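Before anything else, here is the set of structures, which you'll find just below.
Here come two complexes built around chain A, the first alongside chain B, the second alongside chain C.
On to the complex of A and B.
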């Protein structure tokens, strides 16, 4: 009888244990989104907030091991406010951060989070400094990872896309030599192009004050360039397109994310941009299942079409969950306050370089520096809309 | 062929500089002041024409006429409010006022039309491409060159033959004596501003037809280049502005095409310095004799 009782007790204990384990199985991660949900850059911050929220909702509905509790803080695209928003997020119990949406606030918060040991994944801060890179290969922060390409990396990615899709061998580059964004992309493009056996037949420059692009376009044309690479924002690009049209020169124009927006310039004849390609990870007109699902849900929830930023943030939350699974974040870790947050940070940093995530914006892996590696995707402008080729 | 292509591009760019330079040179010749706001009047002219074409649905010619009317009123108002009270003041005070006016116009445009660049719509000016042999020339290029010649001839005739034109030359030569002879100096200067500003509207439309991006700073760089052209050709001289403008455009394009795109602007200004060292009054400028 005594033995029987002991056995029953043991059984009961075991049951209790499994019950406790089952409860342990659901771990809630407190994720803070920090971005400019008001102010001049509100369009971007609202998109990342919505994208992150949507991903969190999906994850919670799917009912896996981890649940997400979102905290939202507004940084108004301002460095000081970003630090305040970061502190407020930590006070609210945030254990990891999706943010910041824009580069400068991300650089500031990243440096502080580095000291505090808080893990960050930024959907869209694309500067090198956002992940602590100083341009000489030194990495001052190890806890910030990117979903988007770093600015200069777009050059290498563009060259890979052009070579990979055999768009042409003879390439002309027109870039703004007074602008870091433009020269940075140009430098990595030239380096990668050499490695990929692409021939650069013409290379010309301009500055912010340049209005006349006839020489640059004529040089590309006379050297028989099949592709004109335009690492610049859409304003000068629109002038180059107009100049080329006047010269009846029709190469493939290939731009980077700065080209995004060219269709929205008031008065711009969008037929000029027909066939222009640009490196972008996401277009709302994509037809794959993931994109359609995301765009439908997003439109239903927020009433607008998602932009690239929303897709980046949506991916960011899924990446967090994938990294948490890899790192084996435990309930215990999430209950220890600052110390736990630091433990989570170390575990996630270690996990990031080991995971591979298939997101809306491509299949991604990470370097220890925080830089993402993913297949570059390029959209083509067809009938005044961005569409993916494949 | 490439050489010819570059030459045409240079003349086209130069013609735009020349039309803008006419505005600088006329005002300088008659009022003896540098109207640095001229480039910004061009920008306003282009914006008004843009609104006419894009928002009000006007036909291109009507849009240009409206833009000319607005710029004329604007030019005369600027002169009356900001420059006339300073007629007797030191030239430095007038110069700074003109620079202030330039920033005022830019910031007003920023308020009214916003910072987002606008693309100037296509009109008859730039809608077609003319093939001459293997050369593709935009109609904007031809119209710009043509407009330039017409304006220069008209202005030369105007100053030589009409009463008002003669009055302008008199004021230019000796303001005090002109006043004693019964010429209404203030009215003559106002009239000069009216013509200069109407020309600015045309220049704005032509500038944006060739280079279609329109933003509040659109007028500043072409303005400075055109001012350089005016000095290059001899400030105060109408044919000088024309010659200076076209030479400047050709030098800029050739410099970019045959030397380096990075050094294009540097070459332009280097040539200016050399010309001024050799001939301080500019290519067609009258040598100034100091009265002792």
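On to the complex of A and C.
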């Protein structure tokens, strides 16, 4: 009986094999993920690696026209290592890149990939320079596309969200004038707010060393701001919330993606963050089918809750497949080495501006510069959890 | 020719021969397209790190002062190189990459040299570990300064500002605060790196084997004895320190011009220690050792990529093993025996040459 069973199993396997061989139009894309999986920024790199791997698994299980073979290289969030990682990935046969996770390495690798003609989609490098924009409207890199918003873009998106949802008209801004991220977002926010007829009643600054925000909060309060816009990381934001609570000042606090993590600040009373809104493309507590599926699978595979970076990378792989389908990448292209990689790059660049992808982080389309267009989503903190407002 | 002199000459010749041979082999590999992309991408950084290690060895190994801010000089060189190259391209429209590279390297060296003089004058007059402390601080100060430094070029002029970005319209940013040096056109080549290594070796080996070099080593071995013989200690220590700073600045310019961007965080205290590890592993006062260990320790982490996340763990273990093995008397004796016939051969030849004379 056992023998019989074994024989049948073997037969079944052979059948399965021949069936697989029959599908000769399956094309395998070699995709390299490059990000800091060790070092100080490892949290982000591991998240993007996991997210990309999960997406690749799903795509391979679904069994469409394209299969994904992931290659993973570590860049340690270091420019020199990033170039090494990129070269190692190409040596391993990578045809396109999901990466780099962080801005500076992405900028360095993007410039090199531009010369080599290798297509890149970065899940989370948010600086403008990562896609080759230099602030003067010059776009020197055409082969790098983003999944996340650029830093300055978040300012415009925040203003649009506030105006679109009629959260209030009188706005106060507190920002860090010694930080590129903070000033970049503030500049575009002010520009967009003027266009949208929002009134900025108070504008105050601080630096990395500031630990007392009484002046800034008082200025916002005295000018009767209904909304306080906080383009900054979560540490100063937590101090501002404490100061406001002490003054019994209760406007709507509106933050950007740097605010993500405020609930985990040590010694911070999370009840103070109740009602705080922040611009973020993804929250793990989302209830739509896609998010639930992703979060469940991610937790089962890696034992932790996915962060925004993981969702971005997950989307990046699906975007690659969508672009490959649109571009009609052929098996022949994938077998021609460097020349084929360059052909794939050109085809994908052309396809990127024509596709629309519905991902975890929203419905996305792209400009030729590599910048993504998607509806900004804002989460509100309710009972110590991020919740999407609909 | 005395025995010590001959031995030194052979060692120096071997150093040059090895570097030149490595260059020829690698160049022919590039020409034959038989080189991996990964190795090819590392060639220029390896050249820069070799120059860094050899120049630091001049300070630590030969003049006996501990410098913990060598990456600071590299950073000065890298930023200067990026600014000079960018300015020449955008403002002067100089398209000749070789000339631009040479000028950028020279400027990087000069700026780092100036920084070296400024630090050296007060500190090298003191006795004790002050140089270590001050160079450590220097590295950190430079890093903080470039974090708030904005340099742009518009209409042929350079615009410089600290803290806030007051730049005219249509400016081409060269250094953009915390974003570092941006939009660098990578112009560094392996050949340039090779030439820089040769220059470094010629300068360092000649300095060390000259009258001044003997004075430098005398101040290291016994300061009081050297002073009593009339050797001006500060002068010779300055000579070694500033030479090392200039070379490090040139290495920095080469390194910076190899990539499209340079950030302040690349030149931290850790990077200085990294160079120190190259020097210590190669042997204090051993130039060839510095060359080999800088190459080996730059390539090693890349060769360990297959260990993925455990790479740096393996790296540390390899480092410890190398330290143990190169200092184990039994193994050294074994290596000596192994190379004895080769040495005999050299000695025989040299003696024959000497007799003919």
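We adopt the following convention: the second predicted complex is superposed on the first by the 366 of 390 C-alpha atoms of A that agree within 3 Å, B and C clash if a C-alpha of one lies under 4 Å from a C-alpha of the other, contacts with A are read in each partner's own complex, and residues count from 1 in each chain.
One rule holds for everything that comes next: a residue touches a chain if its C-beta (ideal position, glycine included) is under 8 Å from a C-beta of that chain, and two chains touch if they have at least 3 such contacts.
Bear in mind the structure is a predicted one, so any value in this text is a computation, not a measurement.
When the two structures are aligned on the shared chain, A:112 is found in touch with chain C, with no touch to chain B.
After overlaying the two complexes on the shared chain, residue contacts for A:206 are found with chain B alone; chain C is out of touch. By the touch criterion defined above, A:219 lies against chain B but remains apart from chain C after alignment on the C-alpha atoms of chain A. By the touch criterion stated above, A:299 is placed in contact with neither chain B nor chain C.
Contact with neither chain B nor chain C is seen for A:363 once the two complexes are overlaid on the shared chain.
By the touch criterion defined above, A:83 reaches chain C but does not reach chain B. With both structures placed on the common chain, the touch criterion links A:127 to chain C but leaves chain B unconnected. Of the two partner chains, chain C is the only one that A:72 touches; chain B does not reach it.
Across the superposed pair, chain B and chain C both touch chain A at residues 177. Of all the residues in chain B, the ones that touch chain A in their complex are 2, 5-6, 9, 12-13, 50, 53-54, 116-122, 126, 129, 136, 138, 140, 207, 210-215, 218, 221-222, 252-253, 256-257, 261-262, 264-265. Interface of chain A with chain C (complex): residues 37-38, 72-74, 78-81, 83-84, 86-88, 90-91, 104, 107-108, 110-112, 127, 129, 134-136, 140, 177-180.
Against chain A, the residues of chain C that register as touching in their complex are 36-38, 40-42, 45, 148, 163-164, 170-173, 176-180, 182-183, 186, 259-263, 266, 301-302, 305, 308-309, 311-312.
Per the touch definition, chain A reaches chain B in the complex via residues 177, 204-207, 209, 211-212, 214-216, 218-219, 222, 235-236, 238-239, 242, 246-248, 265-269.
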